[in-house]
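By written order: A, B and C. Residues from 1 in each chain.
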Amino acid sequence: MAANTVLNYLPRKSMVHELTGTTKLAFFLLFTFASMITYDTRVLIGLMVISFAAFRVSHIKLREVRFMLVFMLVFLILNDVFIYLFNPEQGVEIYGTRHVIATLFWRYTITWEQLFYTFNISLKYFVALPIAILFISATNPSEFAASLNKIGVSYRVGYSVSIALRYIPDIQRDYHSISQAQQARGVELGKKEKLLARMKNSVNILLPLILSSLARIDTISNAMELRGFGKKSKRTWYVQRPFSRNDYLVLAFGVLILVLSLVITFWDGNRFYNPFV
Amino acid sequence: MNTPIISFRDFTFQYRAQARPTLYNINLDIYPGEKILIAGPSGSGKSTLASCVNGLIPFSYPGESTGQLFVDGMEAKKESIFQLSKSVGTVLQDPDGQFIGLTVAEDIAFALENDCVPQAEMHTATKRAAALVDVENHLGYAPHELSGGQKQRVSLAGVMVDDVKILLFDEPLANLDPAAGKQTIELIDRIQKETDTTVLIIEHRLEDVLWRSVDRIVLMDEGRIAADLRPDELLSGDLLTRTGIREPLYLTALKYAGVDVTPEKKPAHPETLVLDEKDQELVRSWFHSVQAPPPPAAQAPLLEVRGLNFGYTKDRTTLRDISFSIRKGEMVSIVGRNGAGKSTLSKLICGFETPDSGSVFLDGRDISDDNIRTRARRIGYVMQNPNQMISKTMIFDEVALGLVQSGLKPDEVRARVEDTLKICGLYPFRNWPVSALSFGQKKRVTIASVLALGPEIIILDEPTAGQDFRHYTEIMEFLRDLNAQGVTVLMITHDMHLMLEYTPRALVFSSGSLIADKSAAEVLCDSDLVERAALKETSLFTLATRCGIEPPEQFVQRFIDYDREVREHGC
Amino acid sequence: MKNSSIKTVVAVGIGAALFFVLGRFVAIPSGIPNTNISLQYAILGMLAAMYGPVAGGLIGLIGHTLIDLSWGGSPWWSWVIASTFVGIIVGLFAKKLALNEGDFGGKKIALFAIVNVIANVIAWIVIAPSLDVLIYAEPVAKVFSQGVFAAIANSLTAVIVGALLVAAYSKTIAKKGSLDKE
């Protein structure tokens, strides 16, 4: 459960959950890559439809992931605002025309191009968001390592990920108790202290945390070594599941999405879909 | 007899970073199917001996060895650690460090995964091993959903999947509550009988291991084998006491009473010990001859907890309606199984967490509104692991930290730190780096750093966990001195000896409630309470009952008082 | 040596867990509204200097990816790559710094500080913003301002907190062959 709470795994019966972790990981990467490259509005809308459909199929309720949605929404709005503050003409530069709607003050005018650009960049987040949430909420963390290994990452690296997920709750608890004990001695990290003092104070918490973590690294390595980790060039995985028909279909679909979106996006030699010319 | 499965021949070993060997000239044969206890104080070389058998030496801890060591027909230093681990399964001391998998099943299957065992076979083998140690219903559980005892079972299953011939337990009792420790010893016994493995248990808590029979006890001292005897023989002599291992309490009691303990009396277990009418009479007359000391004068209450309720999440209460009061100058232990709410209670008292309802009074004043730092000046808290508390590299700086942060002038800080260091017996080390200290000394530094702020109460979480008898005595005598100087001491502990010997009063917790508040001797003679709070009856209780002494808790109390006299004045 | 490779696997796992916990749950206000000091870059610098470029890079990669995933979005790859880069660059100097030998003198402190500053400057002022422009077509002025701020904050953290940590750590290491019973 601990690792589940780190990444908010929500187990249940659904088509998405039944896919192997490997498929979900691969699809997630293919899809993310497609949505990163393209800026073509039509492609983005197409991707969004797929992404929302997948979310529905997963039987995960919106309220279960509300925290993530709210967080990303706030992040998105802030980012849009920052973009506008730094360069209100970014849209104009990209699309090459300038249709002014209103002038606010100084250099801050509102143009159709800027609105369209903001719409597109927001779309880009929204496309990726459901798939990302699905990837972490519908994949058993136990499958991460095996999946990474299956798509070609060394099993040692895969196992590092597994160890990270395993020990995050322990380290979080250590951090918490160390910082409480230090607070009792007057070591504060809050606003009462000056910045430099805060940084120096943080050393008082980090040092015990690091030293106990280094000791932990020794124990874990010994335990792993005693049980034969790394003796062969391969290893099998307890949680790995065999590929079913759906896995192959989803993977093929993922590749198709990437290829199609690349083709449509770059057909006219431009990453952007331009409705202004 | 058949050929030994483990054989040390003139074996000497020296760690690379050490100036002297840790093991000298070891000659030891262990035969298939034997169950051996390797006992010894810390630093005696018993863990090093174990690391030589499982291959961590020399693979993880480099060093030089001479002589020979054969394990299951292999010469250890010529084999790889992987080869050795096919024959030797090791259960380490730290239950979290060796639980590597995200779930129980994955952790048990770990060795099979590394061996590229096909999945179907792996699933069967994992289930079989899980059933062997009774965790088959927890296969999907994550480590933090398990108790310490269950984690240890998983680790045991994780080495049993490999059909090892030798099982090695490195201080299996160190992190468990007394009841879980008892179950572990029972489990080891059962597994050994069912699978006919050879078992080596490294442990200094002799009495607890002897809950089930062992074939031999190998006593280590200063890197050499001091004795290699059957338990009955070893327990009859005084070798244990001389090497700093605590002998079982009932035997000490018998010796005080003047009973001659011989191997023929079968002293290894209090239940089966042969006690004739004459011996029992000796024990009874000793009991009647010891005078109870006068009870100490009652002081005013210092710390009062009234109706405390708390839960980390809304739907789960960790503490329910806790009320008690601690008088000035008391020394009290807080006991109960892991997760009963003992640590949470101390966090609430120190202000690390805020109670849902109820309050804490200090000297009659409600301190609910005081923050962590204000409370810390009057209530000190010492964590279990000193390494998690020490944040400076020099002893002086560590003890001074709290004072410096409170903005005291440098010369005042110096004066107070030096005073504290003198009280704690650390003054000669004041300019040493912390890293040069032993675990026990580090513990003392953390206590000093808390004392420097001048608290009236200190709360210690497991002050003696993992300490051998000598270090245990050192720490506890130090705390007793502090207590004599007027500091009130509360201790969270799993150690039944500590509770009996040092704290006249015990608060017993069970699943979030305070279920008893009485003398430690009474607690440990109450079988119902012992069971509910996952404690362990003291062997003195068994002895008292067997000699027909009523009430047994009075016998226990007399023993503790008398033992203290003996240890203080050496008569 | 076999053993050191297992140790690296574990160090990467635990390092990434530390990076995650500090980056995800520990917020030290920096004085500028809505921005925090990222203590994880002090730990990254230290662990990279101890375990080398591969471990350093992986700690940054895994730790940062997990943080982004836990917030619910897909990882912000441009910044994830920048974190990875910091780990690799600092890790390249692991042999020179030789922290495991103890004795972290003035010269080594200077080297540690310079390496960390260089790594962070390149990561946050060159790599992260360029990728942001390339992938997300964000305004150059915006991404570079963010990058400059991150470079300053993370360099300061790595140099002040990281160096203090490393100095303290190196004092805890016993010199070879110097231990004897007291």
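Everything that follows uses one rule, which is that a contact is a pair of C-beta atoms (placed from the backbone, for glycine too) under 8 Å apart; a residue touches a chain by one contact, two chains touch by 3 or more.
These figures come from a predicted structure and were not determined experimentally.
Distance from the centre of chain B peaks at A, each centre being the average of the chain's Cα atoms. Chains A-C form the pair with the most C-beta pairs in contact. Distance between chain centres (mean CA atoms), chain A to chain B: 44 Å.
Distance between chain A and chain C, defined via averaged C-alpha coordinates, is recorded as 20 Å. Chain centres here are Cα averages; for chain B and chain C they lie 38 Å apart.
Counting partner chains per residue, chain B has residues 59-60, 392 touching two or more of them.
Counting partner chains per residue, chain C shows two or more touched chains at residues 2-3, 168, 172. Within chain A, the positions touching two or more other chains are listed as 162-163, 165-166, 170, 203, 207, 209, 211, 216, 220-221, 224-225, 229-230. Partner chain B is touched in their complex by these residues of chain C: 2-3, 168, 171-174, 176-181.
Interface residues of chain A, counted against chain B in their complex, comprise 1-4, 141-142, 162-163, 165-166, 169-170, 174, 177-178, 180-187, 203-205, 207-209, 211-212, 215-216, 219-232, 234-240.
Of all residues in chain A, those touching chain C in their complex are 6-8, 28, 32, 35-37, 39, 65, 67-69, 71-72, 75, 82-83, 85-87, 90, 94, 117, 121, 124-125, 128-129, 131-133, 135-136, 156-157, 159-168, 170-172, 175, 189-191, 195-196, 198-200, 202-203, 206-207, 209-211, 213, 216-218, 220-221, 224-225, 229-230, 271-272.
Residue ranges of chain B in contact with chain A, taken from their complex: 54-56, 59-60, 80-82, 85, 90, 92, 94, 96-103, 105-106, 109-119, 122-123, 126, 142-145, 158-159, 347, 350, 352, 372-373, 375-376, 380-381, 383, 385, 387-392, 401-402, 405-406, 449, 453. Contacts from chain C toward chain A in the complex involve residues 2-3, 5-14, 16-18, 20-22, 25-26, 28-31, 37, 39, 42-43, 46, 58, 62-63, 66, 69-75, 77, 135-142, 145-146, 156-157, 160-161, 164-165, 168-169, 172.
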